[in-house]
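Below you'll find a set of structures to go through.
Two complexes, one shared chain (chain A), two partners (chain B, chain C).
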Partner chain A sequence: MRVVFDPRTQLLVVLVTSVAVFWAGMDKVWMVTLFMAAYLLVQGIYVPVLKYLILAALLLGLQELLNRGGSGALSSLRFLNYLGLRFMPVMMGAGSLGRVPSGKLISALATLRLPRGLLISLAVCFRFMPVIRLEHEAIQVSARLRGVSFTSPVNWLRPLRTYEYTIMPLLMRSMKISDELAASATVKGIDDPGPKTSIHRIAFGLQDYLVLAAYACLLAAVF
Partner chain B sequence: MDIQTIIELKNVSFQYNDSYEQLSGVDLSVAEGECVVITGPSGSGKTTLTRMLNGLIPNFYEGKLTGSVRLKGRDIHEIEPWSFGRTSGSVFQDSRSQFFTSVVADEIAFSGENYGLNPSLILERVSALAEEFRITELLSRGLHGLSSGEKQKTAFASARLTDPELFVMDEPSANLDMAATRELAGMLSALKARGKTIVIAEHRLYYLLPLADRIIYMDGGQITTEWTRAGLLALTSRELDAYGLRSLVVSEGTDNFTVRQAEQVRRNRQQNPEHIAVQHANIAPGRFKRAVLEDQSFVLNRGEIAALTGPNGAGKTTLARTLCGLLREQEGVIRINGEPCKANKRLRKMWFVMQDSDYQLFSDSVRNELLMTHEDEPDAARQAERLLKELDLWEYREHHPASLSGGQKQRLTFAVGLMNRPDMIILDEPTSGLDGRNMRRVIKLIREMAESGVTVLVITHDYELVCGACDRLLLLDDGKLQADLAVNSATVPEVIRLMQAGK
Partner chain C sequence: MNKATRLQTKDYILIGIFSILIYAVNAIVGSILTPVIGAAAMPLIAGFCLFFSAIVYLVMAMKVSKRGALLVQSIVNGLVYTLMGVPLMLVFFALAGLFGEAVLFRGAGTQYRRLTRQSLAYAVYGCFYGMGTSVTIYVYGSGYLSGMFDADTLDRMLYFAYSPAWIAASLLFAFGMTLLGSGFASRLLNKHFIKAGVIR
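== the complex of A and B ==
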């Protein structure tokens, strides 16, 4: 069975985690990682959890290796590895937040009395992120056809040109799409200054209290 | 009961701040319950006219507006910018950018939430509309994964949520196949039966003709002609051609004008030598994905023009991407001139023209666009000049590609492909948003490419393109090539039947 958390719970989890991973000792970060894995699993997110756990195991192994080697040249690699391990729980939490439909997220944020201008810009950002990804994919397909994609090693010799051919079409498309998106929101009254409503009922349930209590216990154990 | 005027434009002129496109001296009045179709060549001001009816002009697109535009008796300057959505519901062409939310139910509910309607009332409306459009099981789905027909139903339901009296649409059929277009016609006639007013800018007239009370023809920012249904049907095919219109009825058989025209130049290309051969291929959208086509074989002859059609998700795009080497075939062999040819080699021998040219143009001028990646070839400049002249782009050679019109951009992507002297060109929906004149121009271009020995595969839902340009129709469905038949005046009824069937 899948548990659905209130978006505010999810947001809180991400915020708390991003502080916790910095304060927790390096030997205890794994506890937070495991908690996040369980947190994703109860929400029915399986495959990404598996990927995260494998990545975590690899990073831990690499860390052991680097610690033994102890050469100065590898210290930057060690630092990256360290960052990866620390940030993983935050990415996991954000991954679950990212699955909330934007409409629901916005109405949850609206209950926090954030200013409307901020909410609208957030809504646009949420709407825009997947668009950018799709656009980027489409552009890369045609870049491969033209032979100017960064996926073919020949073009690594001309990094500036390749960068230009990656970014410029994306910018052009983004400008056009953002214009059309804004137009379609305008004809549906997004500018109405009156109070807005939402079809999503936003309320804390038992599952939210339980997960927050469990997280609090875990953090108490970590510190 | 009096019939009231809902839209009244008097001597309206408009010029965008940053563009040449404009309206000049437009007079139009539309009565409540009328269905008015606006047609005319691209750039004639159809879209601009619709934008005055949903408030995007003057509130969103800025420019100089003169004359008077009245909606339900009120001047549009007196209407609050945000409240247009209560009077007019809008449906646009591009399904990618007309949705503001990410889930079907949220999108349908969107305007209700913005106007602060009671949530339980909104939910009631959402489920009633979903039931009417038979999309109830899609409500919790993401918009991104829907077919274009389902997207257009969602857009329609969303426009109807606040139950506006006027509906404004800009080429709603551009991305639909024939089956979905027929459903669109059904949704429109349901609206008309409820006494709603509909203003619709469109190039495809055949599905609108049974509904339209008046057809308005725009050219150069002016309304130049107006027909009744009967008046339009009385036009000869030569007159339609002169107006640059698409055909009015899906005519089957030998009275089909485009087919008859095509017959005059169609050569028997079946005699040509074998060019591209697909043998026992399994085609999948990724190396570890499930195959969408299994054990398929077919042969295209040199210079043949084949149409590839079929419902959404049948694997048309995946097949096209595999043919041009963007994807590897999982099993089987693809041969060019009898030689097996692997994906990375095909990448240099094939060219794919996407539906949206914006993705394919990278350079800062039209000429440089052609010379890109050909810097080392001594002959490139001359070849580029020849192609640009052939495609009527030579006078724009110093322009930025982004400044060209849609049709010009499309021709430029043709030219870019032809620079590589490809064996095959694959075109994805090349005529979806085109008026009759530009469509016929594309047909002519495709024929010329084929004459020069390039084999052409066209992914399309446009029966006019199939009848006018193609030698063959390949129909994909259920992971198989379901039909492969020659297109000629004898088979046209069958071709149209197959294309209309849809899923």
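== the complex of A and C ==
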């Protein structure tokens, strides 16, 4: 059974997590990561959770190795590794938020009384995060066929040209997606100045209170 | 402001998409360069990020061509950073966006379609962007970051944040690299977008 949370709960979980990973000791971050894994699993998100957990295990292993190393470039790599481990729970939470349909997200955020324009930009921005990755992967398939992919080391010798071949199709696709989204929103009457209704029911349910209470208990244990 | 010069829903959608693209480009370039030059010249990384993200900004700015695009982009980026645990960046980026908009303010409206003015506005925004890490240290203090970074990295960050020479170098480098990136971006814009009629 999949549990569906209110988008405001999901947003709150991301916000709290982003602060928690700053304050938690490095030896406690794994508890937050495990909680986020459980949080995603109850929402029916299985494969990404597995990937996140494997990545977390790899980063932990790498951290152990890097801790034995010296300074210089290794220190910078350790810094990136630290960031990766700390921000993984935030990414997991954001991944869950990124799956919320735009209409539902806008309806939920509208209750927070944000300016409407900003709200639209923000909702599109969250929703577009996973789309970028998919578009980028599709572009790289074509780029590899033409021998201009940045994954090929020979192209690293011409970084500007490789960047051009990577970013231009992405920008073109982004503009097209933006036009399609704008047309779709206009057809649905987004420009109408009157009050908006939504097919999505926006209300806190028992599952929202339970997850927030469980998270509060975990954070109390962590700190 | 009349309807033609005011941001419309389609503009907000475009800004939302391009804001996350700018964030992604900056994050990827930053992640690649940190192990390479992070130890020796961490404050210069922002300049390289801005060099590469200039094309994304310019495409967005030329497509929207209205007042407020840079400000909304800054606020959305600030909100993303807020979600990443640094709410200070929302205020900071909003301020940076306002300064960028100030560069674009004077004119009859055609200035929003001029690559030079938009490049200058993004370069001013870029100066602030380059100072982001240092400002986080000034406001929160090293205590806030001590749990986040190992002692070695934190010492280096504090040195860079409080060294006047590095602050000046960071500002100048971010400004110069953004302009350089805009020059590169202008060439690509002409080659791919303006010639094709995607942007007029």
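Keep this in mind: the second predicted complex is superposed on the first by the 165 of 223 C-alpha atoms of A that agree within 3 Å, B and C clash if a C-alpha of one lies under 4 Å from a C-alpha of the other, contacts with A are read in each partner's own complex, and residues count from 1 in each chain.
Definition applied: contacts are C-beta pairs under 8 Å (C-beta built on N, C-alpha and C of every residue); 3 or more make two chains touch, one makes a residue touch a chain.
Just so you know, these numbers come straight off a predicted model, no measurement behind them.
Asks: Taking the superposition on A as described, I'd like to know which of chain B and chain C A:182 touches: first, second, both or neither.
Replies: Both partners, chain B and chain C.
Asks: Regarding the shared-chain residue A:141, is it in contact with chain B (first), chain C (second), both, or neither?
Replies: It touches chain B, and chain C stays clear.
Asks: What is the contact status of A:217 with respect to chain B (first) and chain C (second): first, second, both, or neither?
Replies: neither
Asks: In the superposed arrangement, does A:190 touch chain B (first), chain C (second), both or neither?
Replies: Both partners, chain B and chain C.
Asks: Between chain B and chain C, whom does A:199 touch in the aligned arrangement: first, second, both, or neither?
Replies: First partner only.
Asks: Is A:168 touching anything from chain B or chain C once the two structures are fitted on A? First, second, both or neither.
Replies: In the superposition, A:168 contacts both chain B and chain C.
Asks: If you stack the two complexes on chain A, which partner ends up touching A:80: first (chain B), second (chain C), both, or neither?
Replies: In the superposed model, A:80 contacts chain C only, not chain B.
Asks: Kindly classify A:54 by the partners it touches after superposition: chain B alone (first), chain C alone (second), both, or neither?
Replies: So A:54 meets neither chain B nor chain C here.
Asks: Quick one: classify A:112 as touching chain B (first), chain C (second), both or neither.
Replies: In the superposition, A:112 contacts neither chain B nor chain C.
Asks: Do any residues of chain A touch both chain B and chain C, and if so, which are they?
Replies: Touching chain B in the first complex and chain C in the second, residues 123, 164, 168, 172, 177, 181-182, 185-186, 190-191 of chain A appear in both lists.
Asks: Note which residues of chain C are touching chain A in the complex, please.
Replies: Per the stated touch rule, the residues are 7-10, 12-21, 24-25, 31, 34-36, 38-39, 52, 55-56, 59, 63, 72, 75-76, 79-80, 82-85, 144, 147-150, 152-153, 184, 188, 192, 198.
Asks: Which of the residues in chain A come into contact with chain B in the complex?
Replies: 101-104, 123, 126-127, 130-131, 134-135, 138-139, 141-148, 164-165, 168-169, 172-173, 176-177, 180-199, 201
Asks: Inside the complex, what are the residues of chain B that reach chain A?
Replies: My answer: residues 54-56, 59-61, 81-86, 88, 90, 92, 94, 96-103, 105-106, 109-119, 122-123, 126, 142, 144, 158, 321, 324, 326, 347-348, 351-352, 354, 356, 358-362, 372-373, 402, 416.
Asks: Under the touch definition given earlier, write down the residues of chain A that touch chain C in their complex.
Replies: Counting only chain A, the residues touching chain C are 14-15, 18-19, 21-26, 71-73, 75-80, 82, 86-87, 90, 94, 117-118, 120-125, 128-129, 132, 160, 163-164, 167-168, 170-172, 174-175, 177-179, 181-182, 185-186, 190-191.
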